[in-house]
Structures are given as C-alpha cells and as structure tokens.
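Shared between the two complexes below is subunit A, which pairs with subunit B and subunit C, respectively.
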Partner chain A sequence: MTQFLQQLINGLSIGSVYALMAVGYSLVYSIMNFSNFAHGGVIMFGAYFGFFYLTLFRLPFTVALLGAAISTSILAIIIERTAYKPLRNRKAPFLYFIICAMGMSIFLENIIIALPFIGPTFRTYPEIFSKTPIKIGSLAIGRLDLLMFIISSICLGLLVYFIDFTKIGKAIQATSYNIKASALMGINTDFIIITVFALGGFFAGIAGVLFGMKYTVYPQIGVITNKSFIAAVFGGLGSLPGAVIGSILLGIIETFTSGYVSSQYRDLIAFVLLIAILVIRPRGLMGKLNEDKA
Partner chain B sequence: MLIINNLHVYYGGIHALKGVSLTVNKGEILTIIGSNGAGKSTLLNSISGFLKYKGEIIYKDQKLNFSPNKIVKMGICHVPEGRLVFANLTVEDNLLLGAYLRKNKKEIKEDLEKIYTLFPRLKERKKQLSGTLSGGEQQMLAMGRGLMSNPDIMLLDEPSLGLAPLLVETVFNIITDIRNMGKTILLVEQNAFKALSIADRAYVLEQGNIIMEGQSKDIANNPKVKEAYLGVKK
Partner chain C sequence: MDYYIQGILILSGINLMAVLGLSLLTGFTGLFSFGHAGFMAIGGYTAAAMTVKYHIPFIPALLIGAIVASLVSALIGVLTLKLKGDYFCIATLGFGEATRLILDNMQYFGGARGWPGIPAYTNFTNVIIINIIGLILLANLIRSKHGRNMIAVREEELASQISGINVFKYKLISLMISAAYAGIAGGLMAHYMTFLQPKMFALTKSTELTIIVIFGGLGSISGSVLGALVLTSLPEILRAFSNWRLVIYGLAVIIIMITRPEGLMGGYEFTPKSMKKLFFNLKEKRLKKSAGR
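What follows is the complex of A and B.
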C-alpha cells in the first residue's frame, strides 16, 4: 500500500510536468491543426535558460523560473514568425508545417551543441531544494516532486482560467473551432496565433526548468519531451483537458511500470500505449468531434 | 454606401468574378441572385477581406483594403454560408463574441437583450452549446451574432440554405425586421423567389458577370429570370 501511494505521488508529479508540456502541443494544434515538434526544442531551451539564470546570473529561483518562461515565450513567438507565418501566408498544406517544425526542432538542438560556451555536455542544476524528503507516516515525498506538482498545478489552473473566463480565451476557443468565422467576429487571428505560441512557450519554459532540476540538462532533452506529445495525443490533440488527463495518466503509468515491472520497460509501455490508443480511438480520450451542422 | 467597381477575382486559373460593379444604397435590401458557382460567395468574401482581388471596393467613401478583422470594425458584418457558429461554445458566448470589438459593456448588454427579443429561441437556449441547436436555430444565432457587432451593413450568404420551408419564412421575416432596425442588407440567395419578394433591388449574377439589375419587382417579372430562377415555364 505504501509503495502504491508512493508511486502514485511520483506519477502525479511527473505527470503534471508532462501536462505543462502537453498543453503547448495541444494549444497550437487546436488552432493550426499541426503538431509543433519544435516545442521539445523550446522546452530544452527553457531548461538551459533556467540553468544559466541560476548559475551564471545567480538569480533567485522564482526570478530564474519566470525569466526562463518569458524567454521561451519569446523564443516560441520568434519561431512562429520566422518558420510558420511565411508558410501560412502562402497557404501551405499542413504537412509542410510539420516538416518545418521537425527541421526547427533539429535546428534548436544543434544550435545549443554548436554554441562554444554551452556544447553537448550534461549539466546539473545546483541544489536549490534539499534532497531530504518530507516524511508523512511511511511515505517519503521529495521536495522537488512536491514543488513540481504545485507549480504545474498553479500554471494549469491559470491557463484554464485564462481560456474559459477571459475574452481572449474565448477568442482562442472560437478560433480553434473555425478560423474564418472568428475573423468575421473581428478577432485578429494572427494575434491569437501569437498568443497561443506565447502561452505554450511560457509553460514550456517552466516545464523545462522543472525537468532540468529533476534530471539533467543536455541538448537532446527535447527527445524525452516527446512523451508529453504522446500524452497530448493520448488525451486527444487539441483538447486542453485531454492533454492534462492524458499527461497525468501517462505519468502514473510510467511510474507504476518503473515501480512494479522495470524502469527499462517504462518508455516501451508509453509508446505501446500511444499505438494502442491510435488504433482503438484515433481521436484520443477527449479529442474534438466535428459538430458542424450545415 | 458600398460601391464595387470592376471587381475581378481569380482562383488559380479560374476567373471567378469578371468585372462585377454594383452599388448598395443605405437602408435598402439588395439581393444578388444566381445559381451555384455564379460567384455570389466570392463577392461577399472579397468585401470582407478574405480574397485578393483586382478592382476596388469603396465603403463610406473609403477604399477597403484591410484584413477581415479591420473590416468588421468599419461596420461591415458578414454572416457566412453554412452559419459557422462556434459549436464548442454556448449560445451566449457566441453572441458575445459577435461583440468582440466593442468596448462599452452596458451597450453590449442592451444589445444582447435586443437580440433575445428578436430571437426568443436563443434566449431559451443561451446556456446550451450551439452545436446542439437545429439548423434554423444556428442560422438565427449566426445572424444574432452578426448583429452584436452593431454593423451598418450586413452581408448575408445563403441564410435559407438547408432550412425547412416554415423556417425559411421566419428567416426572411427577420431579415426585413433587421432592415427596419436601420441596417442595410446585402443578401445573396439561391432562393430567388423569396429573396426578390423582400428585396428592394436585385442583381442577377451569372458565371461571374452581372447580367441584369433593377427593382426586384421588375427582375421578378422578367421572363428570362422567371424561367431560369423562379421555375416558371413560358
């Protein structure tokens, strides 16, 4: 029982960080109908931004975290402007967007490797939070795990509020349903696209820092973030609640596999899950259905 | 109020509008009738800024050459073919999005009440997701949503498409009501009979050309129109 609860807590913690990453995939997909594979690169940049803000500039943790989030937010906007906007202006097919995103992802990874002061070395975040876990009865909760869960939950809560209760949030929902109709409402769809990239980038930065603290920072960290893409597909691409639920489930499945089977099977199970979902329910747990009547 | 001069639109190699010129006067219902593929929707999409065109579109003495969201700001509202209501949002959210560019909350609220008076069905269903509405209700929502931008001119694209005869009647009555509220209406329709019965003036569009224009009554009595669009045999 203790082990079960322990694994559940670990699963929730890592799942909530996956959720932060997955909402970025889902937000972009919901508006632009393509999977933005450059998102992993943005998350990786977030890990580096956070690392250097903490070590080089010796900023306090909260400032470094926010700084990383703002930096990746700007990075995501730059990617949109330079890579995707030209394609949109030419009304390119969606496949081109995906290929462009993959190219961008490789570019981001390699620019880090190429930069002389960063390079391919693995880096470890300084120890900000004590490694001694908090004991509750026989349960040991890592301080970092708890922090990951709390920060992710706050971010996701803010996102839900923003999407459901603000005017821009409603405009994002409208644009995700039909981009032409939303332009007819006077919504500046170009601005909505920028907003969506900025939001995704912001959460990517936070997720990158948390991920970097939990593990290590290296240029290929974006590959691991593919799992959050799996979570987004699992939950239903384009659906925010789907992305969150899919991520939490993936996190729990992963930790349970590591805990009860073997950590070597962890990723195997994650990918088998993706394939199974795609076979059984191609639109994911909560993917959108077309409800157009006319 | 709206003047279109020598408008040409191309889709790749297809010449969809071949020099269309027309004028919409303030306060009138102007209808453009024509069969499928005549270029009716193309014309409306050009006005609302979705298409590149040659020629000029002048609205209130100003040349229109903006992105769609800025054109809405100028008081032009386009209710698209197929309604395109936001099925993932409630009826009320749809209506409020219609007022996206407006700032005055009090006026928006007043207008919302006006829309509910005009379309009581929408009031009954305001908390419902609009995807669950019937086709006729969706058409009313699309028109109500358009009105929420407080436009001077409304471009209506096939409002009666796919509706039951009784609802077609209702929709056309509402269009007359909207005109009586002081709005100008540019109505594009395949249902030529109904459109001509409520419109003041009419143009006939055929394969990208205006082939006829005049008072609705005269157009409706024209033998050629009668045969081609009203299904009356000689």
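What follows is the complex of A and C.
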C-alpha cells in the first residue's frame, strides 16, 4: 500500500509537469490544427535559460523561473513570426507546418550543441531545495516533487482562469471553434495566434526549468518532451482539460510501469498507449471530432 | 572511383530506396508518415537475421525483409488508415518509436547495444542495380491504372470514392509497397554498415526521409532521386562545419518550406520526352526572339 501511494505521488508530480508541456501542444493545435513539434525545442531552451539565470547571473529562484518563462514565450513568438506566419499567409496545408516545425526543432536542438559556450555537455542545476524528503507517516515526498506539483497546479489554474474569464481567453475559445467566423466577428486572429504561442512558450519555460531541476539539462531533452505530446493526443488534441487529464494519467501509468514492471518498458508503454488510443478512440479522451469537410 | 565518394553514393542509394517508397505514399497517395524508419528497422533486422542466423543468400534475405516489413505495415495500415490527416501521421510516429523501443529491449538482436558482425554484402554495383529496378517498377506502377487511382485519392478523396475507387484499399496497397521499399533499404543498410543499432532508426531518420521527399517535390520521382542525392551528400559536404551542419540543415528545411514549398521539381519529371520538350521550347523562344528583332 505504501509503495502504491508513493508511486501515485511520483506519478502525479511528473504528470503535472507533462501537463504544463501538453497544454502548449494543445493550445496551438486548437487554433491552427497542426502538431507543433518545435515545442520540445522551446521546452529545452527553457531549461537552459533557467540554468544560466541561476548559475551565471545568480538570480533568486522565482526570478529565474519567471525570467525563463518570459524568455521562452518571446522565443515562441519569434518562431511563429518567422516560420509559421509565411505559411499561414499562403494558406499552406497542415503538413507544411509539421515539416517546418520539424525543421525548427532540428535547428533549435543543434544550435545549442553548436554554440561554443553551451555545447552538448550534460549540466545539473544547482541544489536549491534540499534533497531530504518530507515524511508523512511512512510516505516520503521529495521537496522538488511537491514543488513541481504546486507550481504546475498554480500555472494550470491561472490558465483556466485566463481562458474562461478574460476577454482574450474568450476570443481564444471562439477562434479555436471557428477561425474564419471569429475573424469576421472582429477578433484579431493574428493577435490570438501570437497570444497562444506566448502562453504555450510561457508554460514551456516553467516546465523546462522544473524538468531540468528534476533530471539534467542536455540538448536532447526535447525528445523526452515528446511524451507530453503523447499525453496531449491521449487527452484529445486541442482540448485543454483533456491535455491535463491525459498528462496526469500518463505520468501515473509511467511511474507504475517503472515501479512494478521494469523501467526499461516505461517509454515503450507511452508509445504503445499512443497507438492504442489512436486505434480505439482517435479523438482522445475529450478531443473535438475532426470531421471531413468536403 | 574514390572510396569516399563511392561511400556517399551508396548511402544516397540506400536512402533513395526508402525515399522512393515514401514518395509513392506521400507524393502520389497523399499520406504522410513519420514512421518509415520503423519499416526500415524491421526490414534491416529481418534481412540481417536471415543472412547471419539462417545463412540465406543476400538477395532472398532482402526480399524476405521487404515482405516482413510490408506485412507489418498491412497490420498497422488496417488499424490506422481510417484516421484522418494529422492523426495518421501521429500514429505512424508512434509506430516508429515503438518499433525502436521494442528492438531496444530485444536481447536476441543485441538490444540497445547494437548488433555487430553482419556480413558486408552491399556494394556499389548491387545498390545501383536494385535502385534502377526499384525506379522502373515504381514508374510503371504510377502510370498504371492503380497508380492513377492513387493519384486520384491524393487529389480528392471523397470524389474518388464516389467515382468507385476503393480509397481504403489503395491507401493500404500504397502503404504496403512503400514499406517494402523501406524494408529493402533497411536490409541494404544493415549489410553496408555491418552493424545495426535501434538508435539508427529513431524519429530523426523518419523525418529525414520525409524531408527528402518534400525537398525533391511531392509527386515527382525524379525530384525524389535528386533530393536523396543532394540531401544525403549535403551533411557530408558541410562536414567541415562539424557542429553547425545540422543547424544549417534545419534552417534549409524551414527556408524551403517558406519559399519553395513545391520542392525542387514541383511535380515535374525528367524523362527523355520532357527533356526534348524543354529543349525545343528554348529553341522556339530563341527563334521568336530573333524573328522579333
């Protein structure tokens, strides 16, 4: 029983970070209907920004976290402006967006490796929070795990508030429902797209820092973040609650597989789950149905 | 010929084989796959198992690899080809990564550490011959009734369904043939590198193949050939820049997508006929120009 609860707590904490990443995929998908594979690169940049803010500039943790988040949201906007805007202007099919995103993710990953002062070395975050876990009965909760869960929950709460109760949030909802009609109703869809990328980038930065603190920072970290993409598909691409639920479920499934079966099968389970969900229920747990408009 | 250049040409030929298959699927049937490295892996491991463990000659081993890859693709296709657009891409992505991770855990094939000691049967001559056979078969397939049906599916799925084309069947046939090509490419690669490792067939490999097809131009076999030659040798030419070459590669992909999305050839083909036409058009233009003067 203790082990079960322990795994559940670990799963919740890693799942909540996946959720931060997955909302980025889902937000972009809900408006632009393509999977933004460059998001993994943005998350990786977030981890690096946080690392350098903490070590080079010796900023306090909260400032470094916010700084990383703001830097990545600017990066996400730059990516949108340079790579996706020209395609959007030309009304290119979704596939060109995916290829462009893939190119962008190759570019982001390798520019980190190529830059002489960063390079491909693994880096560990300085120890900000002590490693001694908090004991509740026989359970041991890592301080970092707790922090990850709390920060992610706060961020997701803020996102829900933003989407549901502010004017821009409502505009995002309208745009995701029908981009042409909302443009006709006077919504500046170009601005909405920028907002969506900025939001996704902001959470990517926070997730990157948390992920970097939990593990290490290295240029291929974006590959691991592919799992948050699976979580987004699992929950239903384009649906925010779906992305959150999917991520938490994926986090729990992963920790249980590595706890009870073998850690070698952890990644395999994620991809098998992806295929299974696409075969059984392609729109995910709560995604919108993508009907064929001919 | 210089050993180094020959090596690059062999690698281009291996890539070209996989790209030809993907070109059929993507360029002529309109389906995008991010899992073709998975089919290459299946073909490669099967062919290598045939030659190493069962001592079967090279060419039959390649064919067995192709058949196995094709059968696996049929299974995947039946399950996922009904998915629309983006979702089929994602399903193939999941398939490719799952294949790699399963191979990582398969100790029979050496697991993640890799599998050394595969005999080096692939050489310049047989790569060229296999590629030419592959090209001829593909060109004839595309000009046949079945090829035209596939192009119809690409252009307008609903309309072709109404005209009596079995859309699902043609998508499945296209996927199976393209997986067979990828399987042969995998087998050639196994017997060229003499070493196999699941890492060689990661998502980046699938992306590379798709990028080559798009770079060459969708719906053009000659574009795919050109793309495979250029993009396989480009990282070699840029080798002097070491770390920067993949940065340039990524940038090149983005710039092509933005500025010339139809690719190098953009649906045109190099055939003796088209060359003649091009030549005569130039001549006519020159004549007109001189007449105008």
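Methods note: the second predicted complex is superposed on the first by the 289 of 294 C-alpha atoms of A that agree within 3 Å, B and C clash if a C-alpha of one lies under 4 Å from a C-alpha of the other, contacts with A are read in each partner's own complex, and residues count from 1 in each chain.
As a convention for this text, contacts are C-beta pairs under 8 Å (C-beta built on N, C-alpha and C of every residue); 3 or more make two chains touch, one makes a residue touch a chain.
No experiment lies behind these values; they were computed from the predicted model shown.
Applying the stated contact rule after C-alpha superposition, one finds that A:Phe234 touches neither subunit B nor subunit C. In the superposed model, A:Ala92 lies in contact with subunit C only, and not with subunit B. More residues of subunit A lie in contact with C than with the other chain of the pair subunit B and subunit C. Once the two complexes are overlaid on the shared chain, A:Phe197 sits clear of subunit B and of subunit C alike. Touch criterion met: A:Asp267 reaches subunit C, while subunit B stays clear of it. Contacts of A:Phe52 after superposition: neither subunit B nor subunit C is touched. Contact with subunit C, but none with subunit B, is seen for A:Ile111 once the two complexes are overlaid on the shared chain.
For the contact definition in use here, the residues of subunit A common to its subunit B contact set and its subunit C contact set are 292, 294. Within the complex formed with subunit C, the subunit A residues making contact are 33-35, 82-83, 86-87, 90, 92, 94-96, 98-100, 102-111, 113-114, 223, 226, 230, 233, 237, 264-265, 267-268, 271-272, 274-275, 278-279, 282, 290, 292, 294. Interface of subunit A with subunit B (complex): residues 167, 170-171, 173-174, 176-178, 180-190, 288, 291-294. Those residues of subunit B lying in contact with subunit A across their complex are 48-50, 67-69, 72-73, 77-89, 93, 96-98, 100-101, 129, 131, 133-135, 138, 145-146, 149, 161-162.
Touching subunit A in their complex are the following residues of subunit C: 32, 79-80, 83-87, 89-91, 93-95, 97-98, 101-102, 104-105, 156-159, 203-204, 207, 210-211, 214, 243-244, 246-247, 249-254, 257-258, 261.
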